[in-house]
Structure formats: C-alpha cells, structure tokens
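For reference, the structures are reproduced in the following blocks.
Both complexes shown next keep chain A, but they swap its partner, so chain B is in the first and chain C is in the second.
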Partner chain A sequence: MSSIGLLQKRPFNSQRFWRQNGRLIAVYGLVVIMALIGVFFTERFLSERNLFNLLRQTAFLGVVALGQMLVVLTAGIDLSIGSLVRVSVLVSAILMSGDSNNTLPAILITLLLGAGIGFVHALLINRLNISPFIVTLASFVILRGVALTISTSPIGKASRETLLFYDQRVGPFSILFLLFVILIVTLIFVLRRTIFGRYVYAVGGNQEVARLAGIPVQRVRYGVYILCSLLASVCGLMWLSRMGVGDPVIADGLELTTITAVIIGGTSLFGGRGGVMGTIGGVLVLALLANLMVLLNVQQQYQGLIEGIVIVSSIALYNQDTH
Partner chain B sequence: MKKFVWLALVALLLIGGAVMAQDTEKPAFTQEEIDASPYLQSVLARQETMYDTSAFKKDGPYRIALAAQGTSNSWSALFDEHARWYAEELGTDVIGELLYADAQASADVQVPQVEDLLAQEPDALILVPMGAAALSAPVERAMAQGVPVILCASTVETDNFVTEVGTNLYAAGAYLAQYLVDELGGEGNVVMMAGIPGVTTSDVMEAGAKAVFAANPGITVLDGQPGNWSTAEAKSLMETWLAKYGDDINGVWSGGAQMSQGIVSAYLDAGKEIPPIGGGEFGNGFLRLALENELSYAAWQYPNAMVTLCMDMAVKILQGESVPRFVDFQDSIPDTQYFTDAEGANYFNPEWSDDVFGPILFPAERLESLGFLVKK
Partner chain C sequence: MNQPDTILDMGRISKAYAGVPALREVSFSCERGKVHALVGENGAGKSTLIKILGGAVQADSGEIRFKGRLFTHLTPRLSLDMGISIIYQELALNPYLTVAENIFLGREPNRAGVIQTRHLRQQAAELLGKLHVQIDPDAPVSELTVAKQQMVEIAKALSRNADLIVMDEPSAILVGEELEQLFKTIQSLVAHGVTIVYISHRLDEVFQIADTITVLKDGAVVGSRPREGLSHRELVQMMVGRSLEEVYPAPIGQRGEPVLVVDKISNARLKNISFTLHAGETLGIAGMVGSGRTELARAIFGADPISSGTITIKGRLVNHASPAHAIRNGMALVPEDRKAQGLFTALPIRQNITLPILNRLTRNGVLQSKRETQVVEDARHKLSISMANADQEAQFLSGGNQQKVVLAKWLETRPSVILMDEPTRGIDIGAKFEIYQLMRHLNEQGVAILMISSELPEVLGMSDRILVMRDGQLVGELPRETATEQAIIERATSGVEVS
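Let's turn to the complex of A and B:
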C-alpha cells in the first residue's frame, strides 16, 4: 500500500457507522421520539418548570445508573444499590438530626459508609471468588434488614442547608443536574482517557486475557465496586435533600431500574461493551417515560404495557445491532 | 298553674342534667391518651381550626391535580373511578382538567410524580400520600409554590397543608376494641392483628385499640402481630395462633377486612367456632362471609368515595371559602358510619363482586364497565 493510499480519506461506510454508533442512535432516537410526543401531545412539556424538574429527576436515576454501568462493564452486577441508598438516607438523616453543624460530618460518614460497602463487595468477590451476583444479592438482603433494624418508621432530619440544596439552581438548571453533568464528563474522561478506564473494558471483555496481559483485575474490581457504592450513597444524600427525613421504605427496586437503564443504553451484561452516553440515553428514556405518563394522565394498566413496549423495543434495537 | 311551673322546672332540670351528663362524657379520649398520641392531638386540634383560603381564591374552571395511590387494588381503582365520575358531575366549568398521577402504591414513584404534577402548575393538589415522611417535603414545596394541598385518605409528617380528609383512625381502632370489650363483658383473651408496621393508618388504629384494652384490666392481649393487610398472611398467622392458643382466644381485633377474611377462613378450616371480630369493613367480600357464617363483628369504614369530598374541598379552597383543617367523611358521606353485624345485611349487595368497597356513589353501569358486578 502506498503512502498516498494511507493518507487518503476512508470512504464513508454506512454499515460500519451503524455498527459503531447504532446503539446510541437507536436510544437517542427513542429519546427524540418521546420528546416530540411530549411537545405535540401535552401542553406543558416544554415549560421551564417541567424541563427543570425533568432534568433534576434524571440526576437521581443517572447517578446510580452510572455506578451500575461501571460494574456491568467489568461483567459484574450490583444488586445492593437500592438497599444501600435506603441505608444511606437513614444514616445521614440520623447523623444530621436537623443540625446544620452536623451536615458535613454526616455527608462524609455516609460517603465513607458507601465506599466501605463497595470495598467489602470487591473483597468478597476477589478473595473468596464468589460471583458478584451472589455477593451483592446477599448485601441487598442484609442492608434491607439493617435499614429495618435502624427504624421501621421515618427517623432523623435533614439540616436546613441540605433541604435548601434541593431547590438550588444555577441559571435555568438545577444544581443537582449540573453536578450530574460534571459526573458524566468526569466518567467519560476516566473511561476514555485513563489507564483505569481501558482496564475496565479489558476486564469486562475477557478477564483471563486481561490477567495474562498484566492488568490488575482485582484492583480494577475494587475501583468499580467502590465507585458504584459511593454513587449509591450520593444518591441517598440526594434523596435526603428531597424528603428531609430518613425513610426506611424508599428506593425499592432501584437496582432493577438501574440495570434497565444500563441495558437500554446498550451496555452488554457480559461486560466490555457500552459506555456513559448510552447509559445516559437509557436514563433519559426512563425519566421521559415517567414524565410523559403523568403529563398524559396515563392509567396504571396502560403504564406497565407502555413501559414494557419501550424497554423491549429499545433492547430489540440493541440486539439488531449486535447481529 | 303551679303544676305547670313545677313540671317546667323538672323538665328544665332533666334537660340540664342530660346536657351536663353529655358534657361529662366528653372528651371521648382521656387526657392521658391525648397526651400520648401526637396523632390524636393533631386531629382534635385541626377539627376545631378553620383555614383561611382567601390567598388561593381564583376564578374557575380549575386544573386540579390528583396524586393517587393508583389502581393497585380494587379500593384504589374505585377511588379513581369516583374521582373521574365526580369531575364529570361537577362539570367542566368547575373542574376544567383533572391531572392524574398513579403512584403504583409506592412513595418512591409518588415523590417525582408530585414534582411532575407541580411542574404543570395546577390550581390545587389532592394527594393520597404513600409515605408520611417521604411526601412531607414535596407537600411543603407545593404550598411554597402557592398550590393548596388537600390530603386525602392519609397524612404526612408536616403540618403545612390546607386540609386533610379522612377519619379519626385512633377512634376507629378504639371503637373496634371497645366492641370486643363489650361483647366479652370486660373479661377475656384477645389477639390483635395490625396492618403494615410503619404505615400511619395501621399504627394509629393499633394504638387506639391498645389504649382501650389497657383501660380494661379484665382483657388480656395474648398476642399481637402484623398481618400486612393480606388475606393470605392473616390466615397463616391466625392458623399459628389457633395452634398456639386454641380455644383460649375469645375475640380477635383486626385492622382491616381483608385480614378478617383470612381470620375467618382459618377458623373455618380448623372447624372452630368463630369468636367476635372487631375489624369488619364495608367490603362486600367480608360482608358476604359474615352473613354466610353469622359472624359477630363490628365494622369501621374507609370509603374510596371520600375522594369526592377531597374534590369538594379543593373547589371550596379555590373559591376562597374557609375550610376545616380536618374533615371527617363520616359527617359528609352517607352510610360511612361504624356498624355491627346487626346492620351488616343492609350494606351487603349481592350484585357486587367481593372486591367492592362501598359505598359507591356513581351509577351501577360504571361499576359494570369496570367488571365489579357479579356475572349473571
């Protein structure tokens, strides 16, 4: 091949383009269709208040979905997310007790708790060679029990600052949404531009090959499980700012919702494939769906059907892409 | 003439005595009970307080948001149907639009839904709170946004709302317990089956019942466990109690008719005589079972039709009328009083399916379209 040939621009190949970007196009296409439904079939979809609210709500699912995505990229799974969010809300509410002076210590202890639980998950998976499914399923049950042991009724209280934080805005955007955007940008950078990011994909792609290539598989696992649990605790703190009290019944089934968002976004449950933008697409699909159900006054019997159709069709598009 | 004067004096004394006797019977709760129950303090205080709604006054037609439990069971399905029917009855010149959100019986789902509803800037919010704590901050935010909040069928932790429509749950629990005390002549053993622990309705009813049993030293509470408002769990629990206590159980207190159905089923399977039950409701399945087995019971009510009263309150608030901070549906909706087996037959409707909770205010055709009539 001549050097001139190498310099020549490769002709556009639509098949290759679809193979590389099909999943993202499919999920964001769905987002656009849903947004258009909102624009043309509801009065207030585009109102400033609704958009502000919608973006703020994406942050709640988005933060934990990104944590789940990191774990899934390494061919793992975390079923304890909902229970950890619940425990984090309770612990932070009790530690704060409505006192402003306790805000920072309560936040730090809650984040440490989350990181610690993620460390234990990775420790058990690495050292005892137990599958992530079993470790995090056990954790799911134990943390639920812990939450109910702490209290069966609402307990503790957020400080005034924590409560006010929920409604803070920078320009037209919720501060929670902007922090979520910072998290997105950071994770995109980490996964695309750092060695750790490349290792995450390598471990998920083929763990044995990664190990033989000298990649510290166990350390990568510590990293993703700690980050995932840390983000679950962050979500718990966000829920505290939303509700103002520790409630032992929140975040029920959240782990499954995060897995749904990750799958819709095209991340493979077998690891090694997927990414931040796809997961954000999945989060947007679920958030838009919930928003439209309310805006369109949809009854529950149809909600389940519609949700099912949206999820199955988005995954079907993903499967089409893989064939 | 003297005779008439004397008669008049005697009559006045009798009336005065009766009035005084009535006064001495009040309050229905002891000061100790009131002091021990923040719920009771709140309800009693709010019943006497009016909310000045002039700040919310505006011209109709109104956009009213309903954050409902959702069609997770027959009670809530009929609640929603009552809401739709009543909006039609009031007409579009009163309720121009009824915004609706289905919480799927989950506080997690309801919190963002309330935010979605508020983003549509409704004139008023009717909320069936799925969690007293979880919904407190959203209620405060709604009020801060200038949207009056009407709590329907349950309550929240904050006091910052306009009004609540429901009934005194503490009194309902106490009534069912007092029935057992009276049936047993103040002497005997009872078991207590509450709903879901941590849920306000369940906890408060149980507290009311416990206070009555505690005030009657002849009554021994053998055991108390949650039946989680589930017929299957209630049956299983009652089977365990029957194995453990056998014929020592003289009465059963239950925090819901679905559990009472499980209790009755356990007794029928065991072939034992069913003791008096303090825990019936205007639920057609329970009433049918009660008539077929000639049960002795006392019943309270929690009608899904109360949503019509919640909608009335919303309209009144938007028209600037002052409203009480607590509205007991017993005072406004007919056939929602407590009753016993003596009146049970009047409530049972052979045309309704077992899962209908009455009273039903809308026409039978709507009930039929929902599949709640017995197929002939």
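Let's turn to the complex of A and C:
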C-alpha cells in the first residue's frame, strides 16, 4: 500500500492560512490600530491637510522601500539608498539650476546616474562574487563622500515646474501619491505575472536551485539592483520638487528605514518570501508612527525608543503565528 | 576471560519519519571496552539510531539500557550526562576559539564566573597528553588539520568522562597516516575502558579496528557478528544480500542512436571519462559516495567546469558553459540533494513546476495563468502528485511527492537526456515504484537516462548497462545480464577481496 495519500491529509489548512497571511494581517492590523489612535487621541489626524500630507509622505519612503524589497527578495541588500538619494537631489538641483529648459535633461541624467550605480552594484556582485552587503556598504560610503564633495550647504535650484509638481493634485490626492500607487500596482503585476518576477523569487529562494534550473541568476540581479537604485534617484527627484534646492542633509539613514519597512512587511532577509503589499504595510506603519508622534507632541528623545518598540513588537506579533 | 559486561543495550527500537519507517525493531548492544562497528548503506538507519542514542531524535518505541539504567528516550542533555559522546562528521568546534577553550566550552573551570585560564590550559594539556597527540592547547582550532580537530573532539568527549564514544564516519575526513593515528587513539581509549561505536562503510577499516560488527539494512539489523571468524565475503553478503524485489519494471531492451557522447572529460574531480548514452537506454552509474558520480553529472550538465574533453549531444559539440545551455540542448538534471539543489522549498508547487518553461506560458511577457494551471494539472495527473493545491509550498509535500515535482519540472522541458542523481533517495517504496515506471515510460519514448544510485538493487534493476566509478575514474562496465552486487562492489572499492 502506498502511504502517499495518507501523508497528505494533514489537518493543516487553517494553520497554513495563518502562516501565509499572518504577516499581512498582523501588519495591517497594526496600521488600523495606529489609525484608530490617531482618530481618537488627536484632533488633527483626520483633517484633510494631515491625511494629504501623510499619504504624500508614504510615497517618499514607499518608493525606495519597494526598491529595497526587490533586492531583499533575491536575498541581497542595498545599503547605498540614502547616499544615492542625496547625490541624486544634489546632481539634479545643480543641473536644473532653476531653468525650465533644463528640467527634462536634468531628470534623465539623474535617472541614468541611478541606473548606472545599480548596474555597478550588480556587476561587482556578479563578477567579483563580493557580498551585496559589502558592495553596497562601500557604495554608501563613497556616495556620501561624493555628496560632501559636491556641497555641504544647499545648492542648485529646482525649475518652476518641478516645484509646482510637488503640490499638484488629482482629485483629493497628491500626484506624488497617485504615481506611487501606479508603481505599487505595476510592481505587484511584475512580481506575480511576469517571468522576471518569478525569477526574482526563485533566485532568492535558492540560488543554486535557480542556477541548476537554467535561470539567468546574474541578469535577475542586474534587474533588481538597477531598479532599486533607479527608484532611489526617483526619490531624490521627489525631494528636489519638495525642497526646491539640492539639500545635502536629506535622507540620512534612509537605507535602514527602508530595510525596517521591508522587514515589518514580512519579507525575509534571506530572500524568496514576501511581497509588495507587506512592504507597503511596513511603510504605512512607519509613516503613521512618525505622523502620530508629531501630532501627539512626543518629545524627540523618546521617538527613537517608541519606534524601536514598534519594530520589535510588530515582528514578534507574527513570529508567534509562524512558530 | 571476563564475562561480558554490557554497557549499552538498545532494544527493539523503532522510528518512522512521517509514516516512512527508518528503524524497525532494531536491537543493538555494546560490550564495555570494545570497538563496535556499525555498517550499512546510506539510508540503512545508522544515523537515525545514533541520533536516538544522542537524544537528538526520539524513538517511537523500544528502550535503551545504559550502564544499568533504563530509558524509554533520551534528551541531548541526559545523554551527555550519562557519559555518551557523539562525534559527528561535521565537527562541532568553534574555529576561532583555542583548543583548550573548545574542549571546555560551556564548562570552563571558573571562580565566581571568572575563567581560570591556567587551569583550563593545564587540564586540556593533560587530556591531550592521554591521547598521545601533539596539539598546542592555545592554538586556535582553525589552524589545526581536520585530523587534529577530530582529536580535539575526542578530548572534549573525554573531558566529559564519556564512557561511550560514537564516531560517525570518522575516516571520511582523514587521509593516510591520520587514520593510523586515529586507530592508535581508539586502541588506547579502549584499553582505558572506553567503549567505541565506529560507523563506517569502508569494510577494510572495519575489519582492522572492530571487535564486533553489526550490519544494518533498510532500517533493520541483518546481523551482529564478532569480527573473528567473519570473512569479507560474508560481510559483503550481509550488506547487500537482498534478492531483487519485483519492483523494477523490465527494461525495454532495445536502444536507439547515441544521443550523448562523453569523450575523455576531466576536471578537478574527474579523470578521463568516456562513455556513450543511447536513446531509450537507462545507464546506471555505481560507485561509493565521493567516487565522482555526482561530479560527473554536474560536469555534463555544465554546473561545474571541465578542463578537457568533449561532450556531444546528437552529434553536436556542446561543452556546456552553464546549466542554462544544457537545458537548451535538451538536458535535465534531477540532483542528489533535493532540498538544496532541486526544489524551491519555500515556493508554491506551481512555481516549482513551471519555472524552466515560463517562456512558453507568456503572451507579450505576461504569464497566462490559465495555461500555467493547465500545465500544473497535467503534471499532477501524469505523475500522480498528491497535493492539497498547487499553491501549497513545496516543503509540505512528502519526499516522494517533492521528487515528483522536481521530475515534473524537467519533464515539461521535454528533455532527450535526463541525468538522475539518487532519484529515489529518502522516499517510500510506493513512490519509488511510480518513479521506476515513469523512467521506463520515458525510455520507451526514446529519452536517455543516466542514473546515479547508491542502492545497488536499484542500479541492477533499472540499468541496461552499469558503469562503475572509483576515485573520479570509470573502473568498469557491466552489462545488465551479468552484473551482480558483488561484482559492482569489487570494482567500486579497492582493497576489498571478494573472490
């Protein structure tokens, strides 16, 4: 008698449901709780102005967190994001120097720069077999140095269109937020319904199995690192439209915030598991937290403590689901 | 002569993993101060038995009597406290600590929490002295040879006052004189009343060191005999002496054109290997673990580079630079280690199956879910994979079903040559049978199969021809009609006389 049939009948289903969805439920549960705190304990949370700003803020972290997530899904990491955002805002501000005619070239060159840096990351990881952590750590230090060399005080100027873009609305929403939503939908589609998406999970799931299955592991890596750096440059451009100048102190520690959002969202640092909706949940948690702490007048020195507690407890919440 | 003093008596131990029996009423006993060899093929149950003794795994039934105390099960702590030490193949040492620190790790001589460094070194030096080995107690373990690291493990066992030391394939990591040194150490331990359980599949070694030899096969004890009076031949028969079961479908008996021609390929692990694989044929590759079988498959598949020689498929020269090339040329590799090389355990079954053929399932770059589901459903029926649904993670399947998923993945690429490395390892007999039938079915369709296996009945039952490997070389070709287990073992092991 074959025992295969018997082996499969494990009374697992409800457990599996929680394992597969527990992380999402936990993270969005946290989002709801925080929103309720905002509704009941602050006066301004539900104001149109606050919500508009909150959603616009999520776009800033969200764009780079999604880039980080792509890299982490392949079991990599990108520590250079903050520095690259900073370099991007400086370069684009200088190139634009307040002239409308320069808007498009400045944007294109900045994006090219970002893509180029992502290409170099993947090149070093693929060809020299250096770990992503080290490659992007070096890149983080180098780009920070580059930013310092360019300027230590605000420099350059956004064109008029670039500045206006920041406050533009479509209906009740910020255009930045809507573009972010389009990015979300696109990425969900890419990850679920394209070959590249499948390959991303495969490479992160097990690089050796992927290679033996004939998957172009190196090309997948070029893809995710280029996208990640490209999105960091996009974030730099968003900062330019917000500040109007090349501000050399923005995005400090942003790479760590993106990693935090990715982890809270349930994407495994070992790769192969996780996804867009989780990461967005993580971004929302962090954005709401920052917003609430401002609205509740939490003193600066306690903010770090609270943030740390939220991070650990949000992870602990679904770790208990899985074990 | 003293009357036998039994230190360990494991009685009627049974253990099943997810319904698949690994041990069936195994009884194993050891006499104090003797060397007991435990031999058997891979998967015979040696390591399960040892894990039960070490408390890492709990038996389903049976009992363990050690130094007169009776246990139904042991925990790792209890096992250590009772004086049982197990030295695994993977040594459990911290490479960055010194020899002395490793020996006393977790039990450092201390006063109020402060480690007494002098005591630590002194005691370590004494222990190493007892073993007659020259090792500096202050040297970091990473600077020692593997053989010396093994000695440190033995010293660690002694520092715990172990009465029974289990060595799991200790010779696998040793070369030449190191083995002699290990044997000397074992003899001196035994002289001091320590009992040794020595696990190995190298028969010449077993004959050299053991007082008693116990043979395990398919989770049961075949026999336990004193070395004296036991011949090589008898031992080999005990190890392999199973008649061929009627689980192997008859070969189709006619082969077609040559599809794969391997001509004098060499690399770091292979020496000058040549053979031809024909359409519709199953060619078996036998040899001991480490003989280069797996490396041969990997080299043909482009997973490892070759330094010289040529590989030709259907008359075209195709020295594969990567697995991707091999796959495009109609090849597939079902690897030995399913979980590390064949399966994405954390990904859904669906994605595991369709990964190599995603190109066929897209329109304008977008995956067509319906077509994908169709492919997965077809595979599920063809291979009778039992699963809750296709979005289940592959890790929740039984070994047999996991292997079917790996096979399904490759069958979708419609290969003309399939390399199968241990195609039925760790799966139950029902699924094995299904895989054998699938292999025959593929042969009938003209697919050529290169099958590597450690299970000799499988090699004999499935192969049209058998190639035997040793030390990275082909050392014999046996036609199906005249091949026997003894003939294979003779060629696969040097120094074993089976006349």
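We adopt the following convention: the second predicted complex is superposed on the first by the 306 of 323 C-alpha atoms of A that agree within 3 Å, B and C clash if a C-alpha of one lies under 4 Å from a C-alpha of the other, contacts with A are read in each partner's own complex, and residues count from 1 in each chain.
Convention: a residue touches a chain if its C-beta (ideal position, glycine included) is under 8 Å from a C-beta of that chain, and two chains touch if they have at least 3 such contacts.
Bear in mind the structure is a predicted one, so any value in this text is a computation, not a measurement.
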* After superposition on the shared chain, which partner residues are touched by A:211: those of chain B (first), chain C (second), both, or neither? -> second
* Where does A:129 make contact in the superposed view: on chain B (first), on chain C (second), on both, or on neither? -> neither
* To do: Classify the contacts of A:198 with the two partner chains as first (chain B alone), second (chain C alone), both, or neither.
  => second
* Asked: Can A:291 be said to touch chain B (first), chain C (second), both, or neither?
  -> first
* Asked: Which of the two partners, first being chain B and second being chain C, lies in contact with A:272: first, second, both, or neither?
  -> second
* Asked: Looking at the overlay, what does A:60 touch: chain B (first), chain C (second), both, or neither?
  -> first
* Tell me which of chain B and chain C touches more residues of chain A. => B
* **Intersection of the chain A residues that touch chain B with those that touch chain C** => none
* Structure fact -> Interface with chain B, chain A side, in the complex: residues 43-44, 47, 49-50, 52-54, 56-57, 60, 152-154, 163, 166-167, 242-254, 290-291, 293-295, 297-301, 303
* Within the complex, which stretch of chain A touches chain C? -> 1-8, 10, 12-13, 16, 192-195, 198, 201-202, 205-206, 208-216, 272-273
* Mind listing the chain B positions that touch chain A in their complex? => 70-72, 80, 98-102, 104, 106-109, 111-113, 115-121, 131-134, 136-138, 140-141, 157, 197-198, 203
* Asked: What residues on chain C touch chain A, complex-wise?
  -> 18-20, 301, 303, 322-324, 326-328, 333, 335, 340-347, 351, 355-356, 358-359, 362, 365-367, 369, 386-388, 392, 396-398, 400-401, 409, 428-431, 434
